[in-house]
Structures are given as C-alpha cells and as structure tokens.
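To keep things simple, chains are lettered A, B, C and D as they appear, and every chain counts its residues starting from 1.
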C-alpha cells in the first residue's frame, strides 16, 4: 500500500492544512496586502479595486464556463442585481437608519444574487449547451431592458447611487478613502476565491466537472444533471452578487450598463483570455484585461482593437488561454529541459516585440492621420515626433512589421525543434 | 384603421429585413452547427462597404459589389479562422464568433470612425410612393420589400431546384449525415458561409440608409437576429420567415400603440393608487406598450425555449 | 397465475412487461417479456440491429417506453429519469466507452461512489478529506487492478484499461443490479479473458445483465441467456438449451455465420 | 498569483502612475463626454470647441496667473454614468481639478453627486464641475451643490421661452410631446405641460411619451403615431442620434407642421432636415451665430471653421465656460484653491462673445443669459451647420431669461 502513503488523504492527516496547499494562499494574502504599500497612488488603487471586483466576477463566471461547461451570455445580471440591491441597502442605511457595517454588505449582495440565480436557474439549467446559452442571452437582455422600465428598483437611465460612508464605523474606519475600500475588497477577494476554490473540491464541485465532461454518465451515477447545473448556477450567482456588492461599494452607482450584454460579454472575454481550464485562469485574465483597458487605454484610443485581436488569437491558437500558455511550460520545467527553450525564446523575443510595436504603429499612424484636426498632423509615437500624414511613416512602420514577421517566420523552425526536444513524445501506455 | 394598415407595411419591412439576416444564419447553422454570433457584424460591414462604394460610384454598384466583398470576407474567415477553431468544439466556436463580432466593430470604428455615416437612399427612390391618411410611405421601403421577396424566391429556387440546394436541404434534415460528409466537402461549408454572410451584407446595404450606418448597428440587431432564428426553430427556413415577420410586426405594433398598463389594470378592476409617485408599484401603473416593446422578442424567446425548445417550426432540438 | 409465480415475479430484479418502443414509424421493440431473478447472470444476445442497446436504454431510463412496463426490484419505473433508476440500485456501462476523460482514474471511481456514500450534492464536505471515500475508491482500484494507474488521466489510458475503468465506475456505487453493454467489444483474446475474470469477480452475488457478441464470454459467464431477434425475445433459457435451440440456430447463429 | 502576473502588474501600475506627473505647468481641464458610441459626434464637437476656445481665448492671451496655459484633457465616458465616474477618478488621480461635462443629465447627476462626495472626503484636493450642457433643472434645484456651475439655460428656462412663441401661434391646437426616457426628457415634458397649461390652456396635448435613450433603431412607428394623432406641432428635447432618427422618420412620414426642439442642429441633424426643415424646425437656445453679433464673434466662428472644416460651433456657451473660468482663477489668484475659485465664479457677470451678458446666479449656480428662438433656415445664414447651407437664425430673444425664477436650491457653502 505504498501508493496510499502519498495520497492527499494521509498528507491531510499529518497536519490540519498541508503547507504545500496553503502556501500559494499565504503568498497571495501577503501580496494583496503589500500592494498598496508599493503602489499607493490613487490611480493604482482605482485599478486594483477594479481588478479585485473583476477577479471575483470572473472566478464566479468560470464556475459555470470552466467547471460546469455552461456558456452564459447574461451573467452580468447576477452581479448587477446584487449590486443594485446593495445600493438600496446603502440608501436604507443612510436614510432609514438601518444598522449595517459596510464590510458585511457583500453577504447581502451575494444572497440577492443567489436568489435570482435560484429563480432563473430553475428553468435555464434544464438544458446545457446552446439552449442554455440562448436562454441566458434572452434573460440577460430581458432584465437589462427591464432596468429602464422598473425605475423603482433600477433607477431608470440614471441608475441608483448612494454613499458608502453613512453606515456605522467599522473599528473606526468609515471607508471614505480608496485605500480602505481596497483592503475591504482584498479581504473579500481572498475569502471568495478561497471559497470558490474549496467549492471545486466538494462532492458537488467534482460532479459539476463530471456533468460538464459527460452529462449522460453522471446521470447513470445517480446525479440529476439539471440539479447539478442548478446548484453550480446558484453558487456562481452568490459570488457574482458579492462582486456586485463590492462594485456598489467602490463606485457608489449602478446603472443599466451593469446588466447588459456588453458587460456579460466582457467577463466571457476576460475568463477565456485567462484560461477556462484552470482555477487561476480567470485571475490572470482579469489582471491582464484590466491592465490592457486602463494602462493601454491611457496611451491609445485603439486599446479595444488590440484587445479584440488578442482575444481572437487566443481563441484560435491557445484555447486554454494565457494560463494554458504558462502551463505548457510546466512539463519541460519538471523534466529540467526548460533551458533548451531559452535560446530560441531569447532569439525571438526581440523580433516579436518589434513586430508587435511596428504593427501597432501602422494602426496608430493611420488612425492619427484620419482623426487629427487640420493643422495638427504631428504625432508622437515611441518618443519620435513626426507628421502622420503622407505615405512615408506608414510605409516605414509596415516595412519594419513585415521584415520582423519574416524574421520570426525564419526563426520558427528552431523554436519548434527546441519545443520537440523539451517535450519528448511520452506515451507510457 | 389607416394607422393599422401603415403599420402592417412598416412591420413587413422590418420583418423581411430580419429575414434576410436570419436565412443566412439558419443556413450556416444547419450546415456547420455553429451559431454565428458575428452574423450581424457582416450586415454592418455590408452597410459600410455600401456606403463607401456609393460615395464614389453611387448606390446601385454598391448594391452589387458590397455583398460580394462581404461574402468573400466571410468565406476567408471561415477558411482561416472558424475551421481552425472547429476542432476545439462548439463552445469555442461560439466564443470565436463572439470575439469576431467585437473585433469587427472595433475595425469598423478604426476605418470609418465612431459617428454615424451619411449613407443615403438613392435619389431615384427618394420620394413618397403613396400615403395612407397623411402617412406617406417612402418608395425606398417599397424597394426594400421587393428586394427581400426577390431574395427569398431566389433562395427557394436554389434550395429546391439545384444540386447544391439538395445538399444543403439534406443538411437541414440530416445534419449528422452531412456533418460526416463534411470532411469531404469543406468547400460547401466555405461556400455556405460566404453566401450566408453575403446575404447579411446585402441586408446591410439596403438597411443602412434607413436604419442608420454606425458602429453600434451590429449589436443593436445582433441579438434580435439570434432570437428570431431560435423562435422560428433552428435549421428551419420557413420558421425563420415566420418568426422574422412575427417579430417585425410585434416590434412595430408595440411601438405604435400607446396602450397603458393602467388602462388594463383598471379594466381588470384594480384601483389606481392615489399617491402614485410614492407607490412601489408606480412603474407597473405607468407602464406602456411602447416601453415594453423592445423586450417582447426576448420574452417570446425565453417562453419558446421553455415550452417548445425546437422552436415554432423547428424539427430538431437545439 | 399461481401464487408462487406471482411471488417469484415480485422478487424479480428486473421484470419487463410487454415492453414496446417505436421511433417514429419504426417499431424497434415488440412486446418483450422478461424476468431476471436476483443474483442471476443474464445475457442478452442477438444479431446486430436486434434492439439490444435499445432494450438496455429502456430499462435504464434513457428512453421511455412506447408501451408496456419495466419493473425494477418490483417497482414500476415509468417516467423515472436515469438518475432515479440508478438510485434504486441499478448501474450500467456503455457500449462506447463512457468515462470522464479529463479526470484521473481515481477521480472517476470516486465520482461513481459519491451518491451512494451519501455525499450527494454536498458543498460542505471536501472530497479529499473524506477518509471513507478515499479508502473505498482505493479498494475498488485494487479490485480492478488499476492502483498503479491511480493518478493518470482516464482519457490517456489504453482501450482495455478504459473498459476496465468503466466497469469499475459502474460497480463503484454498490448497485445490486449491474448492466454491462458489450464490455468486451474490440478486445484481444487475452484482454477479453482478463475482463471476464474481472466481471465475474466484481459482480459476485449481484444481478448481472450483459449484452455481448462474444459467444465464448456469454456461455462462460451467463446463468441464462435471452435471444433477441428483431425486437422480440425468441428464447430464454440456460446456455446448454440455447445452444441446442433450433429457432435460435436458425434465426441468430445461422445469420451470424458460425459464431 | 504567480510571478508573471506580478511583474506585469508592477509594470502596468508604474506606467499608469507615470502619467500623473506629466506636464505639471499647465492647468488641466478634464473633458468627460462621449467620444464613442451613438453620441460620439456630439462629444467630439464639444471637445474641438473646448480646445479651440482654450487656445484662442485664454492661451493666446497669455494664459492665466501670469502664464499658465489651459490644457483640455479628453476622457471618453461612452455616455455611461459608471464610465464617467471611473474617468473622474482617473482625472482626479492625474491631478486635474476642473471637470467639464455636458452630454446627458443622467451623467451630470452622477458626476455632481460623486464630486460632492469626493470634495467632502478629500478636502485637500477638491474639484469643480463646470456643466456646459446638462439642463435637467434638478441640478440647480434639489441636487444643487457649491461645486457645480451650469452655463446653459436649464430645461425650464428654455421651455418658458419656447412656449412664449407657441402662445402667439393661433394655428396650434394640438401638440405632441416626445422625448428620451431619462431625467432630462421627463423634465422637458413636465415643463411643456406646465407652461402650455399656464399660457395656452386650450391646447390639447395629444401625445406625451418617452422612448428609451439611444436604443430605438427605427422611429417610424413613433412618426406614424404623431401623424395619426393630427398634431399641429411637435415638441421634443431629443438630441444626438435620437434627434437624427426621429427627425428623419417624422419628415419622411410626411409631417409638415412645426417641430419645436432644444437640440435639432449640427451633428448631421441640420443636414438631415435640410429643405424639409425650412419653416418647420424651431430651436430654443443661447448663443447667436446668425446674424453675427460682432466682428469678433464672426472672426472667431470663421477661425474655428478653418481649423475644423467638418465641425461646427454647436455650443457657443463653451467660450463663456473658458473665459469665466480664466477670470475666476485670476480673481482667486490660485488654480488650486477651489473654494476661492468657486466664490469667484459665484455671482460673476460676464460679457459673452455672443453678445449677451452672462450672470452666474449665486443662489443656485445657474447662468442667466439671453435665450433665443432660432429658426432652421437657409436665408440670412452667415455661418451654416454641417456645411449644408442651412443654419440657425435668431428670430426673437428673451433678455436674461428667467433671471428671477425661483429655485429650491439650499447650498452648503464651504468656509471661505
């Protein structure tokens, strides 16, 4: 029985929580609490707050897409409803003297999200696949459209706003400052992420995977696929509601936009970009996407175009997302052959950067030459200032792009060889 | 009554326009099993190409060349994009077309800018064809009706009388068989995708001058197109026609009549609360049909999917 | 019907009453009657297209009958879903390998155990910390000789191993009625022997219904055999009697060119 | 989280914070308005006018405080309240203290609320909100605050002037009201009902409805209703693409009666109405382009057109915003003490480029100025819109409109 000695079971009996599984979480906690020390500026906090919210939302979304195999086009609804409800709670706190410390608000948001996931999941989870996707789209659009009609709850076009600082102080904190909100979001991020991770290790979490892979087999093991999907859906709705509550706390306003297809589509994009097959995938997706949106958005109006290209390339070439790309290197790393890849990577990274930057330059120059007002033909790109009008700048940028692409093309076989060397064909069966 | 008649015509225009999109989408779904989320984006491309061509050589050449360009673009995207993703399964395919829709919108904004383009109906058709009780009906809309009907007849002819039509028909009825054949007929896939997108492009050329040519036009119509083919029954061309007309009329009539919920509630014997502004039910009382109009198609779809998942005229379950 | 007969029927593990199934106009199953007493190893044989898999799917709730009834442990299962029938103590395997390819061998077995070990839809237990669950899964792995493959992905296993795993998943829940659909299809002679031994071992003391083409397997394993031809059972008897049955010879063995 | 994301995050955030220290000499003004989506055209036009006004009226005259230049920094809010608040935070984080916004009262309501909260929570970096176009009366009534200044006449003031014209038109017996379903649209409808009731109780309001803002793809059914109702006139507050769509549909459905509007000009709307709008479309607004009030105004308009051939001066009041802000900063002697600047703006009287006096009312921060009734026409147009030959000509003027209109504003003023 030597194998059993290595199983998680016996490891678990030795210490309450094995260090190996707790370590990543401890690092994450230290990291999250250290961040504001390194980046104390207001804009950094704004970005980090958005990230925390998006990460929770994306993880909750991946409970469906990645773990349950359900493609939802209307998931913003559950986050939005949770958020709207919390906005009303904040207003009750302010106007009607309801006693509620702000840090507990996400629980209420979660419960409200759960309630609606329970109601809507009742009929939408009866089927998987395309029917589920279509119902989610329909319900999403329905509720988004209702937001303009049901003014009492959704506040119409203006949405609902409130003030987070009106509740009782929480150990002397009134949450007026961004930094306080960040720590609140960080705590809820850790709690939610841990809870979602543990959910995936429960019987229902495992069976959700089973239903995703093979719903028929799961039925013949005693599980109702519909109930399994329904429960996953409710759990996802709960965490979406938490994300919505944090949104309400952070932005102090919710509008129709929090419910509509654009928001639902964005979270799909984030999750898929990160990689649906991994727990950490949505986290990476959210971080990368928010950085693209905010940081790249500061420098170029075309950020959404670049994000779109990146997304499509991901779907086509890396269906496991950015995390899949990283995970591809775990095998070579374990075999100690990562070094084989180093040289081709180093050779390619230069041309690749040149290709990306010159390709983007083509877009930027063309865009500038069309958008700029008369007499403002000068543009500054990568520290160079030149006139965007005329064929020359575009031609130069395009030429560099093509040249670097050809160079990449020539280097590709070396990489392929190295890749094959690092991943020897290994079929033990 | 005269308002009713003119709304019938307006709804017909909307419905037939929807059908031009839905027919292509249905064909693509039947053959390839993929719901093309980007279908309305090809419609938008049609409008923009139509606009661009009309700016140089007039509306009519645009009517011919813009759909061809869109169709070729569609076929290339099938060949180099969709076919690659096909191996990963249907969910990544759906996600691919979703991403494609986003990217096309960004590209359109990049090329043509973010504001609405002054894409106008040709002068030859810029006059009121007739009027019903003071409500004039533009000649261009008459042209739209005939155009859409013409397309439908051509499509019907191709599907029932030609060899390629037989293959596609077989795909409508026995998707599995043709999907097995699919490995041998990738060209048919490419062709159907190209033709389907070209039809969407044509719809765009025709609709652009009426509904406006702007970057949001694809998303505005996209989900309605989806709703229509699901309601009609995935894979059913007749279902698509019936659902298109149904939704066209539903939307037109809902916007045209100011029927209020309060009338209904009072008729049902409820009493209007005196202090309406502070009543929690004030939205219910002030609800009007035009307000509800935009959500009716979605409501219809959700109900259909719950009650009859195969759609109105569909034969197989989605 | 005498009291004794009725008594015997009530006790039957599986009982089919004038069972019928049509797909559109095509009638696949024509009024099948069958009673399998508890503890019996019962084989269903028949030429291709006879309706064996359809019969399996009717019994296990995948299809609903067009007519007649299915009783399991004396209870009518009309309108019940597969998972409800499974919970009554019936478990099946599939003709085409039907496991969870993205999970490890161990996890596959564990999924088979969860319901019966009362974990059901629990979200307050962590599977890795449930000792009883892990122990039981390890035992089954031992039973099907796959301990060495414990942490390999099921989708990466060799074909015969996948079939063995499928049997492991099927019996994991501790069902007392086991239905196996062509467990030896596409296997070499030595692999077949291995699987037959495995079946014999893991279904000891249980009711077994098996569909199989390999006559060697059938005659080796079965207590009784039913012969299904064009949706009708033309004979149900012991292996020896079936071998000698003229109708069977003519209708089935003849058509299959000397099986 | 792994190392890869750590590095990316670090790189990204340091890049983001770098932007904050860039070009500290200029006085930056955040322009938060739609630069994409259905209302992008309106936003882009406003942005060009701000850039031009800042350059011509402030920077070319030596700037403020002895040399500091105005710099307009554009933020795209996609006409969304949420995005506006994000952009507001980004702007504040970049050290910007002046916010200008105008398109959509929904956004303005969210911004004024957020700015009020921000200023209370962060007294050390307060900001001022210069609202140049959002005309929901609530902004200078129930929702007023010290940090908000409105440079446009609000919906009530405009409707008061508009109904003065309708009052004298005996042909109008039936009126159809249609607007966008949000605070502004509702305010327009309420004001119309109120003033028509007071001035012409005999007029029948045959329709009063709201449609979703920016979401109607075909206005034909609405146009059919308006014609079928037999209305002699239509009143709408629609703007941007909703005005284009509504106008197009109504005219192609054969409506030939007067259309009274707030914003039926430029952004392609003037071109769309073209000949069909002659004698039909009447606007209410401030700022007179035709006939030019002075050589200076004429030259300014020409210079703008020379620089932006495809754009128009659609919101003349933008020059008032720039000039009055420059004066207030000079009067306060500081570009960072928002309280002083606020008090300097309060009660300021200013001679506008467009020939009117502008008085920023102390009690509610509502600018009081001349309001004109403008006709969409081809004759007598010096400065046309949309390069169409058509433009707006002043027909009549209400001097210092609603100068003593009541307000419900109760303002908490900071200590001076």
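Basically, a contact is a pair of C-beta atoms (placed from the backbone, for glycine too) under 8 Å apart; a residue touches a chain by one contact, two chains touch by 3 or more.
The structure presented is a predicted model; accordingly, all values stated were derived computationally and were not measured.
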{"item": "Most widely separated chain from chain B, with each centre as the mean of CA atoms", "value": "C"}
{"item": "Innermost chain, where centres are averages of C-alpha coordinates", "value": "A"}
{"item": "Distance between the centres, which are taken as Cα means, of chain C and chain A, whole angstrom", "value": "44"}
{"item": "Geometric centre distance via CA averages, chain B-chain A, whole Å", "value": "31"}
{"item": "For chain C paired with chain D, centre-to-centre distance based on mean C-alpha positions, whole Å", "value": "75"}
{"item": "Distance from the mean Cα position of chain C to that of chain B, given in whole angstrom", "value": "49"}
{"item": "Residues of chain C whose C-beta touches two or more other chains", "value": "none"}
{"item": "For chain B, residues contacting two or more additional chains", "value": "109, 291, 294"}
{"item": "Two or more partner chains touched - positions in chain D", "value": "35, 181, 212"}
{"item": "Each pair of chains that touches, named by its two labels", "value": "A-B, A-C, A-D, B-D"}
{"item": "Chain A-facing residues of chain B, complex", "value": "35, 81, 84-85, 88, 90-92, 94-96, 98-100, 102-103, 106-107, 109-110, 113, 219, 223, 226-227, 230, 234, 280, 282-283, 287, 291-292, 294-295, 298-299, 301-302, 305-306, 309, 317-318"}
{"item": "Touching residues (chain side chain A, partner chain D) in the complex", "value": "27-28, 31, 35, 38-39, 41-44, 46-48, 50, 148, 156-159, 161, 163, 165, 176-177, 251-255, 257-258, 280, 283-284, 287-288, 291, 294-295, 298, 301, 326, 373-375"}
{"item": "Interface residues, chain D side, partner chain A - complex", "value": "1-2, 4-6, 8-10, 12-17, 19-20, 35, 48, 51, 76, 80-83, 85-86, 89-90, 92-94, 106, 109-110, 113-114, 117, 121, 180-183, 212-213, 306-309"}
{"item": "Contact footprint of chain D on chain B as seen in their complex", "value": "2-3, 6-7, 10, 14, 109, 114-116, 118, 128, 131, 133-136, 138, 210-212, 214-217, 220-221, 251-253, 255-258, 288, 290-291, 294"}
{"item": "Residue numbers on chain A that touch chain C, as the complex places them", "value": "3-4, 7-9, 12-13, 198-199, 201-207, 209-210, 213-214, 216-225, 227-228, 231, 235, 429"}
